[in-house]
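What follows is a single structure, and I will ask about it in a moment.
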Amino acid sequence: MSNYTDELVDFDEALDRYDPVLGFEVHVELNTKTKMFSDAPNAFGDDPNTNVTPVDLGLPGVLPVVNKTAVEYSILIGLALNCQIAEKCGFARKNYFYPDTPKNFQTSQFEDPIAFDGYLDIELEDGEVFRVEIERAHMEEDAGKLTHMGGSTGRIQGADYSLVDYNRAGVPLVEIVTKPIVGAGKRAPELAKAYVAAVREIVKNLGVSDAKMERGNVRCDANVSLMPKDADKFGTRTETKNVNSLRAVEHAVRFEIERHAAVLDSGAKIVQETRHWHEDTRTTTSGRPKSDADDYRYFPEPDLVPIVTTAQWIEELRGRLPEPPAERRKRLKAEWNYADKEFRDVVNAGVLDEIEQTVAAGATAAVARKWWMGEIARLAKAADKDISDLGVTPATIVELNSLIEGKKINDKIARQVLEFVIAGEGTPSEIVEKRSLAVVNDDDALGKAVDDAMAAMPDVVEKIKGGKMQAIGALMGPVMKATRGQADAGRVREIVMEKLGL
Amino acid sequence: MSAISREDVVHLAHLAHIEMSDAELDKMTGELDAIVGAIASVSEVASSDVPATSHPIPLTNVLREDTVGQTLSIDEVLLNAPDSDSDRFKVPAILDGE
Amino acid sequence: MNDLIKLSGTELAAKLRAGEVTSVQAVQAHLDRIAEVDGALNAFLHVNAEEALAVAAEVDAIRAAGGAEAQALHPLAGVPIAIKDLIVTKGQPTTAASKMLEGWMSPYDATVIEKIRAAKLPMLGKTNLDEFAMGSSTEHSAYGVTRNPWNLDRIPGGSGGGSAAAVASFEAPLALGTDTGGSIRQPGAVTGTVGVKPTYGAVSRYGAIAMASSLDQIGPVSRTVLDSAYLQELIGGHDPKDSTSLPKDLEGLVAAAEAGATGDLKGLRVGVIKELTGEGYQEGVQARFNESLELLKAAGAEIVEVSCPNFKYALGAYYLIMPSEVSSNLAKFDGVRFGQRVLPKEGPLTIERVMAATRAAGFGDEVKRRIILGTYALSAGYYDAYYGSAQKVRTLIQRDFDAAFEQADVLVSPTAPTVAFELGKNDNDPLAMYLNDVATIPANLAGVPGITVPGGLSEDLPVGIQFLAPAFEDARLYRAGAALEALLEKQWGHSLISQAPAIDSASIAQEA
């Protein structure tokens, strides 16, 4: 039932009276080649029901077999989250009926997850660090995809029937569960967003997930409850699903805090339920209440045997861990000697990798930033694209820069060349060649252009002769025009001076 | 330990997604009550120092390499489907949940 | 009755190799037998005549051509076999004797079926069972009861009554069954045939419709111990598709059976399980059992008494663990992806209601009972007392076996407490039906292997003797079983099955 007319209490007011407590269940889709318990392809976008084996359909008689790479990826995630890795863990069945779940149970982990008791230090924008404790990370399988047909909005209510595609059924998931997050206060929404962003960044950096939230590679269920300031017990929490972007995480948490506050202020009780976030209206609506139907009757999965991790196996995997993103950022900022804000801007623009690669290819950090945060960013915005989707490579920048330093082209020409590179015309050198964009150094041509300019502006010549050197600038315009902007400004200056005997 | 009540059976039938008539529920309650009574004795001997055994033969680390195998053709997938369109299974409206 | 069908699988195989008879002849003889008597027995749910004859012809052609390919033929190539209709087969329906799967055609073969095909044993068809393997009498099949060839008013045992009756009535020399709590062994006992539950994991479960995953095993059904040894060697082995499959194949089963057939059991310690004799066991059953013990002793075995005190909780533990796993394994039958879909007669058409109506119509009473019981045992608040406790009892039973196997190499007991009872006897008493499995259940809980061999008659009905061995020691079963079989047949001057009343069109007409 839709509840768009929920009362809300202003956020700051709510925080005067209540302390928010957060909890997150983040599901990460692993990018293994095959599914968690079957050897069907783990792929996107293929025709429906073409990536299924009898196991994925839950046909009578089939059995699961665990994907070794998925286990290793799960351990990597656990290590990156500073978790303990279980010496022995097993799988369990979570029993519930739903058409997207082929066996009408999900094979997951219950009492003995592969990783537990970890933490993640989250740095907020102003530098404050908040430690989020991780309860556990465990392996499970994804469900298939239901498409609701016949109803007006494409959502379940009002649909006449649904179509089921099991291509994604069985894809490996790692579910990361936090311990209750207390003490965030007013920064709760901000922390929520930063936490999910950090998890996303970690799994992307590990290379175990494509980590695109808009694709559903990383999904977040946000739990919110409020504690009155003088209370010693947690309040009733609600879980919000369909939080599909970082922005949504922040807004959903904020909204639930405001909504909970209104309910509690009115003296009513929070209904423990699952709510649905709507990005368009920036509200949550009531889903189905948590009922007895949620008795999942977990029991150990008899078809799968336990996994035993040895110290050796874990150390081998630990050796595969890349530098944690937060550490890497600290290091790069220092190496590049950027100011705090400069560095933050680079991170927020999402060009950290590009600048790192450009520096590695031979440019200085300052030059790299100039281009990526300057002209390239401008062009990306104009084309309404992501910077990394423009088609500019670090090599391009290094080449452009060396052409400038070698005085083959100037800054203005370089910007033009960049646009041609983006248009796909080739490398900077090729373009300069093909389009004859090289700075004109030919003294004859320059001399002629200068003569023409001086002839057209005798009063400027007088001024120069009179000692006003800045007046040379006025000659620059016609000379550049005559040389299509390719005159070497320095040389032009020299020629003028020579010609005037100065 | 209480043996099983009719209310329990109604709830369980709902959980198990098996529709039952009143007569069936009555009969089932009687039968199950007797059965549960007979098997309840297991808790007598299952003390806390006895570990549970979920797998009769202790194997560990049975893992599969991450290599793609053979999938079913779409015809094989939909071969026995009670209802489908050209490439997906069809089910009636879903009421609860999301 | 055609003599071909009287042959054991091994004997038939020898004749095929010697060129005395063709596989097509053999298969046809069995198809004729099925046509003659199965109307009265109802052992078969589906007869696979065309494909069976095609495979037989293929084998005959290979043999006729001679050369390397003929040499490479499996020893049992061309010997027909019947398959319990719980094991999925491409090209034949697999129904699990349930309305839920009426006419269901699996798109894949069970691993054991792949092996059967590779070895070129013609499959005669699919045999009847209690629905989804739940029962001890085959009376819970949705496709009618199967009758015991020894007495058509009696049950053939269950859940694998079809396979046992097929073999006992000479409709097939070999069959496959599944055993979760005795479903191969108990029918073997009451039909005077041989049946084996291998060590858990010795035979792949991939393609056996799951009943209780931690208890199920596929196993051989035959008239002789040697046949079962050959069959288990064929169907057993590690399967990467079954995570619970043993890493190493069990070997030497045929050799053990051949060794046992000499009748010499010197050095073998045979443990009589105190808790599995006496009260609850029919007098005649007990008497045949005692006589068998005497024979074993005379053959050089040392008989010791062992006690397995926790066995008295085995039935309770089984009827908690099994239904719990059943309730989860049978959740997939919901009318969405395969099988029957039934719409509710009135009210809104939602998927929830369609699932509930489908399962109400598709499952029989016993299946529903066990699903509800299992759902109960796993539900919040009851897990520890029921399922959790049962898993602990399982540990205790394994410990009892471990202790017993310190004192004995094999254990022995009557396979079932009674001979075949009358059809309909336990219709209103599910609990009484469960008691048929008291002797067979402990082996499933512990994962150890067990065999039943014919032990004589009581009230003109067969009695079975069960041997149990430690996990992985299936060979010991074949040795002890073959020895007892040889000793008894020597004493009787014939096999037990040869004493079964003749069933043919004449006798069937008489009964009618």
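All chains are identified by letter, namely A, B and C, in their written order; residue positions are counted from 1 within each chain.
Here is the rule we use: contacts are C-beta pairs under 8 Å (C-beta built on N, C-alpha and C of every residue); 3 or more make two chains touch, one makes a residue touch a chain.
These figures come from a predicted structure and were not determined experimentally.
Peer 1: Can you tell me which chain is nearest the middle of the complex, judged by mean CA position?
Peer 2: The most central chain, going by mean C-alpha position, is B.
Peer 1: Give the chain pair, either B-C or A-B, that is connected by more C-beta contacts.
Peer 2: It is B-C, judged by the count of C-beta pairs in contact.
Peer 1: State, to the nearest whole Å, the distance from the C-alpha centre of subunit A to the C-alpha centre of subunit C.
Peer 2: 57
Peer 1: Starting from the mean Cα coordinates of subunit A and subunit B, work out the distance between those two points in Å.
Peer 2: So the centre of subunit A lies 40 Å away from the centre of subunit B.
Peer 1: Averaging only over C-alpha atoms, locate the centres of subunit B and subunit C and give their separation in whole Å.
Peer 2: So the centroids are 24 Å from each other.
Peer 1: Check each residue of subunit B and list the ones that touch at least two other chains.
Peer 2: Subunit B, residues with two or more chain partners: 15, 17, 54-55, 59, 62, 64, 72, 77, 89, 91-96.
Peer 1: Where in subunit C do residues touch two or more of the other chains?
Peer 2: Residues 104, 107, 214, 240, 243-244, 327, 331, 334, 336-338, 351-352, 355, 375, 379 of subunit C touch two or more partner chains.
Peer 1: Can you list the subunit A residues in contact with two or more other chains?
Peer 2: Residues 54, 57, 65-66, 97, 99, 162, 164, 295, 297, 299, 302, 304-305.
Peer 1: Which residues of subunit C touch subunit B once you look at their complex with the stated criterion?
Peer 2: So the residues of subunit C touching subunit B come out as 104-105, 107, 199-201, 214-215, 240, 243-244, 246-247, 310, 313, 315-317, 319-320, 327, 331, 334-341, 344, 348-357, 359-360, 363, 368-369, 371-373, 375-376, 379, 385-386, 388-396, 398, 430-431, 434, 445-447, 471.
Peer 1: Going by the contact rule at the top, pick out the subunit C residues touching subunit A in the complex.
Peer 2: Subunit C residues touching subunit A: 87-88, 94, 96, 101, 104, 106-108, 110, 205-210, 212-214, 240-244, 324-325, 327-328, 331-334, 336-338, 351-352, 355, 375, 378-380, 383, 387.
Peer 1: Over in the complex, which subunit B residues touch subunit C? Could you list them?
Peer 2: Touching subunit C from subunit B are residues 1, 4, 8-9, 12-13, 15-20, 24, 28, 31-32, 34-36, 38-47, 50-57, 59, 62, 64, 72, 76-77, 79-83, 89, 91-96.
Peer 1: Touching residues of subunit A toward subunit C in the complex: what are they?
Peer 2: 54, 57-66, 93, 95, 97, 99, 102-105, 162, 164, 295, 297-299, 302-305
Peer 1: Using the touch definition from the top, list the residues of subunit B that touch subunit A in their complex.
Peer 2: 11, 14-15, 17, 54-55, 58-72, 74, 77-78, 85, 87-98
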